[in-house]
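Got some structures for you, see below.
Next come two complexes built around chain A: one with chain B, the other with chain C.
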Partner chain A sequence: MLKILIPTFMLFPTIWLVPGKWLWTATTAHSLVVASASLSWFKWCSETGWVAPNLYLALDPLSFPLAVLACWLVPLMIIASQNHVAHEPLTRQRTYISLLVSLQVFLILAFSAMDILTFYVMFEATLIPTLIIITRWGSQTERLSAGTYFMFYTLLGSLPLLVALLYLLNDTGTLSMHTLQYIQMTNPDTLGTMLWWVACLLAFLVKMPLYGVHLWLPKAHVEAPVAGSMVLAAVLLKLGGYGMMRMMVVLGPLTKEMAYPFIILALWGIIMTGSICLRQTDLKSLIAYSSVSHMGLVASGILIQTPWGFTGAIILMVAHGLASSALFCLANTSYERTHSRTMLLTRGLQMILPLMAAWWFLANLANLALPPLPNLMGELMIIVSVFNWSSWTILLTGLGTLITASYSLHLFLTTQRGPTPQHFISMDPSHTREHLLMALHLIPLLLLVLKPELMWGWCF
Partner chain B sequence: MSPYVFTLLIFNLGLGTTMTFASSHWLLAWMGLEINTLAIIPLMTRQHHPRAVEATTKYFLTQATAAALILFASTSNAWLTGEWAINQMSHPLATSTIMLALALKLGLAPVHFWMPEVIQGLDLTTGLVLSTWQKLAPFALLLQVSSTVNPLILTLIGLLSTLIGGWGGLNQTQLRKILAYSSIAHLGWMVLIIQFSPPLATLSLLIYIIMTTSAFLTFKLTSSTTMNALATSWTKSPMMTSLATLILLSLAGLPPLTGFMPKWLILQELVKQDLPMLAFFAAMTALLSLYFYLRLCYTVALTSSPNTITMLTPWRLNPTQTSPLNPLTTMLTLALLPLTPAILALVIY
Partner chain C sequence: VAIVNQLTTEEQEVKKRNNSGSGSTRKLCGTRLISHSPNSGAAGSATVSDLQPSHAKESHGHSEVSAFEKNPDFHGFSQDPIVDEWNMRMAFFFGISVAIVVGGTFIHYLPDHGMRQWARREAERLITQREAAGLPLMEENYYDPSKIVLPEAEEKNTL
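And then the complex of A and B:
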């Protein structure tokens, strides 16, 4: 663990000591080195199933895909925000990169924590950097209310979680993940235990977000700068899914009945948020709602607790992380040129930025889960396992897939095809930086399908 | 004020508190409290501003009432049970009255109303003394009587204080009032836990003193007493104002910062005492406080308010006032959480 954590910590001296003109180059290179080093986590050959275990930190097949994703995202965020903060003073640029890196530190610690309470602290610790990224570096004044929504939705869910975890700690004496699966609930049918069950999952369901407690997410995505949207969609939402999977083993027999309303909400949310996407005019908001829709699928996959559901959930989380982050980057490239997120004003970009249109096409295909991509693998596994649980769900999941395809097509056609408006003629060509950014998102996605066992969790 | 008088007053301020610390007899403890109050009164009116005089009067009246109540309760306890020792209180009438008097002295709900008004009338340094040093003597007494007070009263006062501390601060634009409400809320957490684990309450007080000191000193550095002044203060010291965001979030008790430590330990202790619902409600009231801290954060560093050109340059000048204490307390406010096991070992075991 330390061979990744120490280089990550050393990013801070790099950020603050490197001469100004080398700032972006040096930090990108350094964080790419850390990201490549983190790939060594994939080579897990421990009999216990844990990578590099010690008392406090370790990774297992469930957490290392997400930890690698968190490391991989940092150089991409740095590349993506170059243009956005270029006009700021140098100190603020350094502060901004420091915030992104501090997020990486907290995320690695969250995914590798061996103790649920450590995980909780790190889960909460990501709030402050994200809040500052949204409210300090967002553009509109609405960013402040977005920040408030973000903080209060998340904390309303997670403070009960803290109490519930402390209750469990008091009951069992340890919250180590080594022993977590051996915990038996003593009295599963009382009201207190049911409340405890809800408190254990609510924080993660808010973070995912579940339909019904999702309102903070589109706001935060719309107001955040590109790096904030990227990390929010790619990794922070996955903290919710990861936490749910970790807690599921403790919650035991109670989940069988208690999960019904949440599964229904998650499945219904796929349809509802997908329909919202169909009528959405705001580019970033559309991508945000599509995240809610996909995460609804992940939530239902986790809540029915079959091995296939878990595997599908983690595959979809990783694949959706890369695909939605790519879509936010693309939205940002057109935002930097047109200064508008309204889709009707950013039409016909294919004529001007043809290569970008190719990236849009690929990212959209990834989002709607076209065959060779791991997104399809994840969605199929979840849909199959949910179908196995109750065959009626195919109506919801099938319709959801159809709607996803429709709004992805809508997104692509509206922004890329059609006549090019006259005022776009003097637009900047796309930069190599942006193509590199897209390649670094989509190539891993394409390669992952060749070796999906890297990210299919416990069912290796 | 003549430096001799000032020295004498400061000396007496210390003497009063230490006398209360050292005494086991109610009369001596009461004397310490009175010396302490009488010493701070001239310090509060050091600037003869009408607001300061008004605040001093209010402070004097409440503290005198509280002291009189303490005297009354301890005398009646002695009369009823024949016992003057502080930790040997046994009569419920006396302990409840003492609890009420100490709540008045500390500014706990439902007798907290003087606290925001008084702090608002004082300058930031005196306000700092009032919300840190002046809490120590009554808190020491509270620690000693807490085992004899009715648990229901303690719980009610604690929960009400965290609630009102959060609720009252919501509508404020004055920094000193906000800090006063934050003090009420923090003391509420301590009262909530004092019957179960006095060392934990002491630790919370210590952490609160560190955090509020850095908040007061930072506001003093930028001479801001209102949210408007805070909004333009980033030009004076950009570094400190960006750290002020984190100081405020630490006061709010968000995880990677020091302020989370007392909240975490208190919730853990409450759950250990089989009171998960109480822990839940206490945690929820912390969200109310978080709202106004968050609003201050938005003002101080997360938005840059429109400024005139001449106002943009003060950071180039050397600051006129420096405080060697501020960097220390700020560091402690931001980075003490990883040291929790060591601190726990020092304080509790």
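And then the complex of A and C:
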């Protein structure tokens, strides 16, 4: 663990001490070395069940895919932000990269935390750099409202979570995940326990987000700069899923009855947000609502608590992280050239930027869960396990899959095909940097097809 | 057809200007990349022209100058050509050669993940062993049925 954490902390001296003109080169190289080192977490010793265990931090097959994803995203965020931050004063550039790195630190600590209170503190800590990134570096005036929605929706869920965790600590004497897997729930029938159950999960359901408490997500994703959107879509949403899977251990037999309304909301949300995607005019807003749709599937997979449901949830979280982040990067390449996110104004780009159209195509195919990509793997496992839970859900999940395919296709056809608008006078060709960014998103996704057991969790 | 013609005329103009010497790049400073011609307003407030106020095209350094003018080998990383080149090299080396290639090889040669292949081999070994000994392959019951204590029919409660 320390061989990743110490180099990550050392990114701060790199950021602040490197001469100005080599800032981006040095931080890109350093963070990529940290990301390569984080691949050592994939070595899973079945004897202990945990990877790199110590008293306070350990990874298991649920958390190490997400932790590696968090480490992989930071160099990608740095590469993605390079263009739009480059014309700012040097100190501000260093501050920006410091915020991204501090997010990496909090995320690694959150995913590897062995104590649920540590996880809670890190979960809350990730809010602050994200809020600063959205409100300081966002492009429109709506970013202040977006930041407010983001903070207060998350706090709405997480303050009850704090109370619930402290109650659990008081009751059992420990919040260590090693020990909590063996406790029994004592009073499953009382109203107090049911409220405690809701309090435990509400924060993560808001974070996922569950349809119904999802309003912060389109605002935050749209108003954030590209790095903010990337980290939000790729990793921060997965904190919610991860938290839910960890909390399920202590929530005992009560989940069988109490999860019903949330499963229904999640499944219904797939259809509703998918339909909203079909009507979106703003490019980033469409990608944001598609994130809500995919996360609805993940939430329903987690709430039914079956091995395949959990496995499908982990796979879909990792695959969606890479695919959604790739789409936000593509949206940013379009935005940097046209300064508009309106899809009607930025269409027909295949004629001008054909290579980028190839990346658009691949990213959209990933989003609509094309086999053999892991997006399909995860979706199919969740759909099958939810069908096993109740046969009627196939109507919702099947329709959701259809709608996902249609809005992904709509996204591709609107931005790439069709007549190029007349108001483009000239446009920069695609930069090497942008091609590299897309390659670094999609090559891992393709490689995961070859060794998917890295993501299967410990249930499969 | 009109658009293609417009682009090729632009391209020809750019080529002519680039060939005409060092003073050429100054003429393209302040060239707008997005049309500012008044639109019908049908697209609403989020039109492109509203995002670039009209004085922007006059101010030096704020208008859209393509970095490819000064550095035809611009990779997208930095305006300084040397930093741009080295940044590209570092990003590709550490991103592709180290992280994906070396990292991918490392992951490929990791031992049996979750002991799944061992479990398969062990199962096959036990099956051949039990078939050779004439034993059943597996007990039908997971738990020993004599050890299960069921409640009496009257004692069932609805929980």
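In the analysis below, the second predicted complex is superposed on the first by the 457 of 460 C-alpha atoms of A that agree within 3 Å, B and C clash if a C-alpha of one lies under 4 Å from a C-alpha of the other, contacts with A are read in each partner's own complex, and residues count from 1 in each chain.
FYI, a contact is a pair of C-beta atoms (placed from the backbone, for glycine too) under 8 Å apart; a residue touches a chain by one contact, two chains touch by 3 or more.
This structure is a prediction, so every number in the text was calculated from the model and none was measured.
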When chain B and chain C are modelled together on chain A, clash or fit: fit
Residue contacts with chain A in the superposition, chain B compared against chain C: C
Which superposed partner A:L127 touches (first chain B, second chain C, both, neither): first
Angle at chain A between chain B and chain C, C-alpha centres, nearest 10 degrees: 130
Which superposed partner A:W24 touches (first chain B, second chain C, both, neither): second
Contacts of A:P307 with chain B and chain C, given as first, second, both or neither: neither
Touching partner for A:P354 - first (chain B), second (chain C), both, neither: neither
First (chain B), second (chain C), both or neither touched by A:M151: first
Contacts of A:P371 with chain B and chain C, given as first, second, both or neither: neither
Per-pair minimum CA distance [chain C against chain B, superposed on A] in Å: 16
Residues of chain C that touch chain A when the two form their complex: 3, 7, 10, 31-35, 37, 39, 43, 46-48, 51-52, 66-68, 74-80, 83, 86-88, 90-96, 98-100, 102-104, 106-108, 110-111, 113-116
Residue ranges of chain A in contact with chain B within the complex: 91, 95, 106, 120-122, 124-125, 127-128, 132, 135-136, 144, 147-148, 151-152, 155-156, 159-160, 162-164, 166-167, 169-170, 192, 196, 199
List of chain B residues in touch with chain A within their complex: 238, 242, 245-246, 249, 254-257, 260, 264, 267-268, 271-272, 276, 279-280, 283-284, 286-287, 290-291, 294, 298, 301-303, 337
Partner chain C, residues of chain A touching it in the complex: 21-22, 24-25, 28-29, 32-33, 35-36, 39-40, 42-44, 46, 61, 72, 75, 79, 82-83, 86, 337-342, 344-345, 420, 422-429, 431-434, 436, 439-440, 443-444, 447, 451, 453-454, 456, 458
